[in-house]
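One chain, chain A, appears in both complexes that follow, with chain B as partner in the first and chain C in the second.
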Partner chain A sequence: MRKALCIASKDLRQVFLGGSGPVQAVLLGLLLVFIFSLSAAPGERIPAQGAAAIFWLASSFSLVLIFNTLFHMEEENEVATALLLAPVSPQGVWLGKAIGGMVLLLLTQLFFLPAIIVFLGVEPPDDLLFGGLLVLGVDVGLTVLGSLLGAVSRGSEARDSLLSIIVFPLQIPLLLAGIKVGAALLSAEPVQGYMDWFGIIGAFDAVFLGAAMILFPFVFGSE
Partner chain B sequence: MKLNRIAIPAAVLAGICLAVAQYFVWVYAPVEATMGQVQKIFYTHLPLAWWALLSFFGVFVASVAYLVTRREQWDLLAGTFAEIGVLFSGLALLTGSVWGRAAWNTWWTWDPRLSTTLVTWFVYTAYLVLRSAEIGGAGQRKIRAVVGIVAFLDVPLVFLSARMWRSIHPAVFASKGGGLEPEMWTTVLVSVAAWGVFFAALAMVRFAGLLQQERVNGLLAARRSFE
Partner chain C sequence: MSGRVSVLEDRSEEGVMDSGGSGLLHLEGVSHFFGPRLIFKNVSLVLGPGRVLLVAGPNGAGKSTLLRIMAGLVEPSRGEVRRGPGPEDVAYMGHATFLYPGLTALQNLQFWNSMYEIAAHEDALLDLLKRVGLHGFVHERAGTFSRGMAQRLSLARVLLIDPLLLFLDEPTTGLDTGSQKMLFQEIKACRERGASVVWVSHDVGRDVSRADLVLEIRGGRAGYCGPADAYLAAGEGHA
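So, the complex of A and B:
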């Protein structure tokens, strides 16, 4: 765990000291929210489900940019072999990348939430506890998958689009859960009626957490 | 090659089986009272969807086998199953869409089975794109195997979440007898078996083709290194 935190901290320092930070991911998400706001006539509000969907769509695109950045860093600096030779297990590298990705994703979502309130005209969620649980639960699944498959598209010139077409369909169960519960939160409906969706989120997180721990060594260090 | 010798008779047998299945569909099975002739799509749609799912399971098994044994034949078999699965699920989606237009007056609607088929079609088409992308250097077979495993792990979760979202699909086999006449049942079984033979023949032909391609690539690489 300590070594994973070391890798996460190294990645985050590199991302922020590089000057741009997660600016590209934030900007892309904000653009998506703004463009989606054009689907409603002036003065009209976007339904809560639509707003929740665009929030998770923006998060998904950010996820792809974030993990491509995290896995491209070593490639760019030609130190990928150094990471392989470092005294860290492949699972440690995967966990480190996942933690780094999770921090960056949460950071970008801090911008997306106010953006959907402002541009799409939805009310801020009242139930912050369930809201926080939802975002954390879905983000764990997204980053687990992103960290496992982020390494897949290394070396490909079209890595952004390749990672998108692989990751997007796989994360459908999480997105459905996020949209359904998110819509309830944004329309001030009681979340208790949506507890089954937390089961889906938990199952997704558990299945892919286990799969990633076993499979990441095959993906990473294959060159 | 041995496989080629079996594949050709298997393909002929598949043609005969599909012709017999068509006899059952158009002559033996009664015309459904509400939907009429359109219901006949069901005898093609259902076997395609089932064999597509089995094909995707084949990708999973072959991918696990590759990671365990590192024999390239398993990787090629996974590719074979993925291609057939994408073809069959694509056709199942098309026939399902025609059925939906006739039964529900819409080309597309949210339904767990339809949505799961569409999502798996997306996932395995992406897998095929990854196969053709030539990335990951020497380890690209391992990467494909990992994606092949992860893709199948997602299928039950997609189905569960899609069912919780909404469903209007008829539960054909949910109740005893499933509301089908005995002749319709027989036709379903004959169609599933006929498409199964076609599936096996197609898999053999394609697998033999991929093995040949691999041999030719190996020979060309050897020639290049010699020069």
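So, the complex of A and C:
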């Protein structure tokens, strides 16, 4: 765990010093929100479900950029080779990348939430704790998956498209649950009826965690 | 042609061993193919502590591939590789510098310090940077370094690990004469403290005198396996 935190800390330091990765992710997400806001007539509000969908779509696109950035760092100067030789388990590398990606995704979402309130005209969620738990729950699944699949596309010249192609279909259950619960939160509906969706989020988080822990050594292993 | 088994057994006083002994590195019948193309076959050797093995051969002979197989980065197509030390005591210095360009020289060392759980204090890391002549560039990002400076920082990373088994793939690339001299001193220091060094060289004539043993890959097999002085006496190093 300590080595995973070292990897995450090293990644975040490089990202914040370099800056381009997260800035691109934020700008892309904000652009999406803005473009969708143009679909509504002046004064018209985007339905809560639509706003929640746009929030998760922006998050999902940002995720691809974030993990492209995080794994590109290991390709420059072939640092991944040195990591493979170091006494750190592949799962430690995967966890470090997932933690770094989670922090960056949460940071980008801090920009997206006010953007959907301002541009799409939805009400801020009343239950911030529940909203926070929703975002964390979905983000865990997204980043766990992103960290695994970022390694799959490692070294591929078609990394951007490859990562998108394999990440998006797998994200669908999580995104659907996020949209359903998010819509309830943004429309101030009672969320108790949506607890089943929370169960789905938890289940997919667990499946992706298990799969990533087993599969990561194979995709980030020797040549 | 049947595969030739080349066994390099070092039975010197410093490192008596055989295939069942306590060598730091054992290769048994290692062969490698890229698709249908044979790179080399049936390479076997045992390397004892405190020895420097020079891997020689023409371009494309598979020297770097063999080194990566020895280090555990590539699985051989056939055969077995056994390393005595664990990953915490193995270091590899390749063509690439293995540096994070976005981090400073000190931050790069701090990261590997954490990964290898060496717990060296910052002063020790600064001393190390001084040792490789980078004391004036401690807080400079590695991405701004010239090839030679990056190679010296890469050497500092290897020295930080203080390995028992060191793999060097043409380590003098990009180094000026002074830095090469420093590298040779560090190789000598490694040998003197009982570490083994496997060194791929493209300048055998220059480097063979610093080695104990030579393994030459030629024509898809181990063309020569044996003491460096015999290799040198045969004039092979200057071929």
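In the analysis below, the second predicted complex is superposed on the first by the 219 of 223 C-alpha atoms of A that agree within 3 Å, B and C clash if a C-alpha of one lies under 4 Å from a C-alpha of the other, contacts with A are read in each partner's own complex, and residues count from 1 in each chain.
Everything that follows uses one rule, which is that a contact is a pair of C-beta atoms (placed from the backbone, for glycine too) under 8 Å apart; a residue touches a chain by one contact, two chains touch by 3 or more.
Since this is a predicted model, take the numbers as computed values, not measurements.
> Counting only touches as set out at the top, which of chain B and chain C does A:Gly121 meet: first, second, both, neither?
A:Gly121 sits against neither chain B nor chain C.
> Based on the superposed arrangement, let me know which partner A:Asp196 touches: chain B (first), chain C (second), both, or neither?
In the superposition, A:Asp196 touches chain B alone.
> Looking at the overlay, does A:Phe204 come into contact with chain B only (first), chain C only (second), both, or neither?
The first partner, chain B, only.
> Return first, second, both or neither, reflecting whether A:Lys180 touches chain B, chain C, both chains, or no partner chain.
first
> Identify the partner contact of A:Leu215: answer first if only chain B is touched, second if only chain C is, both if each is, neither if none is.
first
> Determine, for the superposed model, which of the two partners chain B and chain C contacts more residues of chain A.
After superposition, B is the partner touching more of chain A.
> Of the two partner chains, chain B (first) and chain C (second), which one does A:Leu170 touch, if any: first, second, both, or neither?
The answer is first: A:Leu170 touches chain B but not chain C.
> Regarding the shared-chain residue A:Pro47, is it in contact with chain B (first), chain C (second), both, or neither?
Neither partner.
> Using the touch definition from the top, say if A:Leu85 reaches chain B (first), chain C (second), both or neither.
After superposing on A, A:Leu85 lies in contact with chain C but is clear of chain B.
> Quick one: classify A:Leu148 as touching chain B (first), chain C (second), both or neither.
The answer is first: A:Leu148 touches chain B but not chain C.
> Could you tell me which stretches of chain A are touched by chain B in one complex and by chain C in the other?
222-223
> Spell out the residues on chain A that touch chain B in their complex, using ranges where they run on.
Residues of chain A touching chain B: 145, 148-149, 152-156, 158, 162, 165-166, 168-170, 172-173, 176-177, 180, 196-197, 200, 203-204, 207-208, 211, 215, 218-219, 221-223.
> Of all residues in chain C, which touch chain A in the complex?
68, 71-75, 86-88, 90-92, 94, 96-103, 107, 111-112, 114-117, 141, 150, 157
> Residue numbers of chain B touching chain A in their complex, please.
67, 119, 122-123, 125-127, 129-130, 133, 135-140, 142-143, 145-147, 149-151, 153-154, 157-158, 160-162, 164-165
> Name, in rising order, each residue of chain A that touches chain C in their complex.
Touch residues, chain A against chain C: 2-3, 6, 10, 13-14, 17-18, 73, 76-79, 81-88, 222-223.
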